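Structures given as structure tokens follow.
What follows is chain A paired twice: with chain B in the first complex and chain C in the second.
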Partner chain A sequence: MIQKKICMLGAFAVGKTSLVKQFVESVYSDKYHTTVGVKVDKKSVIAGGQEVTLLLWDIQGEDGVQKLRPSYLRGAAGYLLVVDGTRRETLDTAYAIQQSAQQNMGLVPFVVVINKSDLVEQWALDDKAIGELTESGWSVYRTSAKTGQHVEDAFLTLAEKIMEV
Partner chain B sequence: MPALPPPISEFMLKLNVDTRSPAYLLVNKDGRLSEWGGDLASYGIEDLRKDQPVGEQVFFLEGMLPLDTSPLFLPYMKTDSGLSADIYLFTGEAGTWVLLMDATWEARKRKAIQQKANDLSLYVVEQQKVEEELQQKKDELEELVERRTHALARANFQLKLELEERQRIEDQLRTSEAKFRRVSESNMIGIMFWDLTGTVTDANDAFLDMIGYSREDLTAGKVRWDDITRPELRHLDDQAIEEMRESGACTPFEKVFIRKDGNRIPLLFGAALLEGSKHQTVCFALDLKKHK
Partner chain C sequence: MIEPASPETLDKAVRDKPDNHDRLDELRRLLIGPEQQELVRIQERLDRQEDLLPEDISRVLPEAVTIRAHKDKKVTEALLPTVEEAIGISVRKNPQTLVDALFPVIGPAIRRAISEALTGMVQTMNQTLEHSLSPQGLKWRLEAWRTGRTFAEVVMLHTLLYRVEQVFLIHRETGLLLQHVLAGEAVVQDADMVSGMLTAIQDFVHDSFSAEKGDALETLQVGGLTVWIEQGPRAILAGVIRGNAPQELRNLFHETLEQIHREFAQELESFEGDAEAFAPSRKYLEACLQFQYDQSRQASTEKKRITPMRVVAAILLLALLVWGFFSIRDRWRWGNYLARLQNEPGIVVTNAERHWWSYSIAGLRDPLAADPSALLREARLDPEDVESRWEPYHSLTPQFVVTRANALLNPPASVTFRAEPNVLYASGSAPHRWIADTRRLVRVIPGIERFNEDALVDTNLSEALAVKERAERRVILFVLDTTELAQGQSDDLEKLGADLRELLRLAPYAEKSVRVEVVGHTDQLGTEETNLLLSRERAEQVRSLLAAKLGNAVELTATGVGASAPLREERTEEDRPFNRSVTLKITLTDAP
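Up next, the complex of A and B:
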């Protein structure tokens, strides 16, 4: 039985919980509920030619008061770094979280998810800002937890990357 | 930490046991479950199997073990039962102890505060966006007003120039008309206006005297060009008309008019088309008999 721990990281209200719900249960709610602490969900996928159970740690979002707690990251095989396309400042938070995660976990695979592509007309991120992410060699997905667009792609890509390690 | 008297320690222990549903797991050095106890069911942890990998039975422990010497704290872990637990991991001689304590009430309190704080932050961000959009619209509007004001000022200036030009032309025209009227009214020479259809439309007294017609005749339309021109000299008029059409004026020439009383009068005659007209002419006539 192969199990891999994946952390959902990002600023508050970027859609981490919604992405997990969409991926695991294929449901979405417009109502925003903040996450306190952490909630673990699981889903089995095929990655690297094997069945892998992903243990998804939906960790409370980071803001000016709540900082990323290293104990939550222990033992993670990879992480999804979530950005809200409609809020430019969540990209800055994501850069800071990536630095912090790397210090705690080392070089583990991760995928950047720019969420809320259903609100693309309200996006505050331009192509240049997104281009800088891909130029860094990071895998970037534009997702919508609401419509489900590219949600599975992002998780499966991360699972594949983890299984390649 | 100061030593607490046994009644205090015992009370605190009882308080924790009564209010925080403690439960525990003991994981041996191979990562297999060796012992458990307490109120695990209230966290949804059931059907545990001894000596089996703990990560396969308690999912949040996957990857966590083995623990190094430092204890680990996982606050507010939402468990399968819906309760939130504070989870402490620490190492003892028998292996790693995992202690769960109910933190649902604290988590709910924290969530309520956090929700308000996050909602407020999102509201502020939204307001900032709205303000930025409003500011942008305001800037665009101000730019438009400035452009329109500038265009209006330019149009006003242009209009002022045109009015000044019109005033200047009218002044010139008035001056010119005054000069011409003076010449005409002085009756030094005969002056008349006619169109190329032959109608004499106006004339000064000097001209009317030359051809023997009265002003009443003129007003009644009785003065016609062909009546006062000798037919055999009509070709001279045709040449003059042709010249006027080409150059606007004709070279003065001598001709003979027929007076109303039938007498002939030799004249030096010149004509020019009025400015902007192809039919209206102004003519002068000089009585050659008087000047010879």
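Up next, the complex of A and C:
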């Protein structure tokens, strides 16, 4: 059986842990927990025609002050770049993180996830900004860790991308 | 140097100069004839590739299989159905062949499996039994109940000095689990996640404390669990250890990791998430699952184990205690019994002995003394256990002397005895007859030589004396200067006579004889001579009157004393008539 390490990257409180929880256990909690360091979880999926065990490294969020720890990224087969759709600045952070990650890991597959799609009235990202993302060839998903919308799609797409490499 | 001509160049030359064709043909045959033939042969073989000769395949088959087996598993996969079917057919056709082939393998394998199963079972049972009944056992049972583990497991955890419960082989780069082994009953979490977290924690610690490159977290400690992490260039070996493991174990980890690096260098380098290639490393990791029991702790529990020897010893000790208790109690009771006997009148202990299970006692006993067997029962000793030998004897203890005197002398109720050495004292009153008999019989009583009757009243004698005194107090009065009875004195004389008759009747009971002297008196008037005469006549007068009344049953004498023994001092004229009288003087003597 194939195992792959996947990192959850993104700014503070964008919903990385919630996404993992939704994906692995299909549950959601309103309570906010700051992740310190890393929390590792796992989930088996079918990708590339075979069973793949994804080891999800839920890494503590980055706000620019704290540097992304390269050691956590080491050996990752891919990553999920998480953006909070209600906070514009988290997209900038995501860009920065993507740069940093690419420096560290080289070109590894990743999927951009714009989370909190359930909070429509607070939405802060316009279609233009999202369009820019897709235009640069990135896979983008609007997800909701709360309702579970597109969460599995995002993870599965990433898994497929990883297995294509 | 001449370059050899290629066939194409030659053909071209032939085409250009047809007349030279034959010669050139000849030259070609001479120059490259053998090669040409070889080429034709190869051509033919290539054309016939469809139907390769079995000889050809047979020549290369073993090498071909070996080369392909190194590359992938296609050969095995291809052969698998055939081999399976072949085995099936073989078993159906003649099972014996397969049985014969497998026999040398199956026998030892089954024996080993059974022996391992039994060893495991016996060990678990031993430990369970050992710890079942001790207070510690109860504590552990509670713990087992609380933690949801089996009792045997809890026992093992506590008696364990150390045990490597799990070993993880982790890919260093990705933190992915390559291989994982665990000891039998260890409780495990998801190994993949643990592997990831272990790597993450290592990274976290390394980054957080800006450790030197090459330095890494080597030990994690949580309660009774220790995680030893051995770093290699491409893989990490992590052992989860319960208890305190020795340093040698660390060396073993280190060597194991080195071995794995050597053997799986290629696989570690090209690891892409498929841990299958590391399956053979399992045996090295399993070698790391070491454990050691706490011998001293086991020994200490061994000490507490109930063995037949200990049971016997405990029973003996208990028996000794019980025996000791009863022994001391009986000794105390025996002592009490002896003391009681010593104080008991009429019993003299001459010999008393205590044996293992019985007693013997010998001595003298007055038949009147207390019964020693009754005393035994009072002392709560079993008469069965005591051999008694009592010689009868007569004790001179006063109380027994008195008892014996009472039995022998049969005294009237009014008599009380008191004994002193050699003397029996009697007090109270008794008939003369009994007293006389007692005087004679008393010497028969052992220890009595004399009879003291000072305090004893002879009832017969006292009655007689009372009558005697009454008679002696009577006075018969006379007329002045005559022997004539004064007026009314005949009645008194009658009474006197009656007294004397009674005295005569009583005297023989007291063994007395009665002698009566009739004494005549006068007053002081007249001469002494006349008075003497007169008094004698007066006495004679009464004597003859009494003799007439009593006959010769009694000895009666008469004397006259004149005025020499007056009954009353004559101070006045009224006193004189009393002295003109007759009185009696009675003597009781022992009857012959």
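In this text, the second predicted complex is superposed on the first by the 164 of 165 C-alpha atoms of A that agree within 3 Å, B and C clash if a C-alpha of one lies under 4 Å from a C-alpha of the other, contacts with A are read in each partner's own complex, and residues count from 1 in each chain.
Here is the rule we go by: a residue touches a chain if its C-beta (ideal position, glycine included) is under 8 Å from a C-beta of that chain, and two chains touch if they have at least 3 such contacts.
Because the structure is predicted, anything quoted here is derived from the model rather than measured.
Once the two complexes are overlaid through chain A, chain B and chain C clash, as defined at the top of the document.
Of the two partner chains, neither chain B nor chain C is touched by A:F110.
Of the two partner chains, chain B is the only one touched by A:F12; chain C is not. When the two structures are aligned on the shared chain, A:I2 is found in touch with chain C, with no touch to chain B.
In the superposed model, A:H33 lies in contact with chain B only, and not with chain C. By the document's definition of touching, neither partner reaches A:F155: not chain B, not chain C.
When the two complexes are overlaid on their common chain A, residue A:Y141 makes contact with neither chain B nor chain C. Of the two partner chains placed around the shared chain by superposition, neither chain B nor chain C is touched by A:F23. When chain A is checked against chain B and against chain C, the one touching more of its residues turns out to be B. Contacts of A:R87 after superposition: chain B is touched, whereas chain C is not reached. In the superposition on chain A, the residues of chain A contacted by chain B and by chain C overlap at 1, 3, 5, 37-40, 42, 55, 57, 69, 71-72, 74-77. Note for the complex: chain A touches chain B at residues 1, 3, 5, 12-13, 32-34, 36-40, 42, 55, 57, 60-61, 63, 65-66, 69, 71-72, 74-77, 87, 89, 124.
On the chain A side of its complex with chain C, the touching residues are 1-5, 37-42, 52-53, 55, 57, 69, 71-72, 74-77. By the touch rule above, chain B contacts chain A in their complex via residues 55-56, 59-60, 62-65, 72-78, 84, 107, 110-111, 114-115, 117-119, 121-122, 125, 129. Chain C meets chain A in the complex at residues 171-177, 190, 192-193, 196-197, 200-201, 203-204, 206-207, 272-276.
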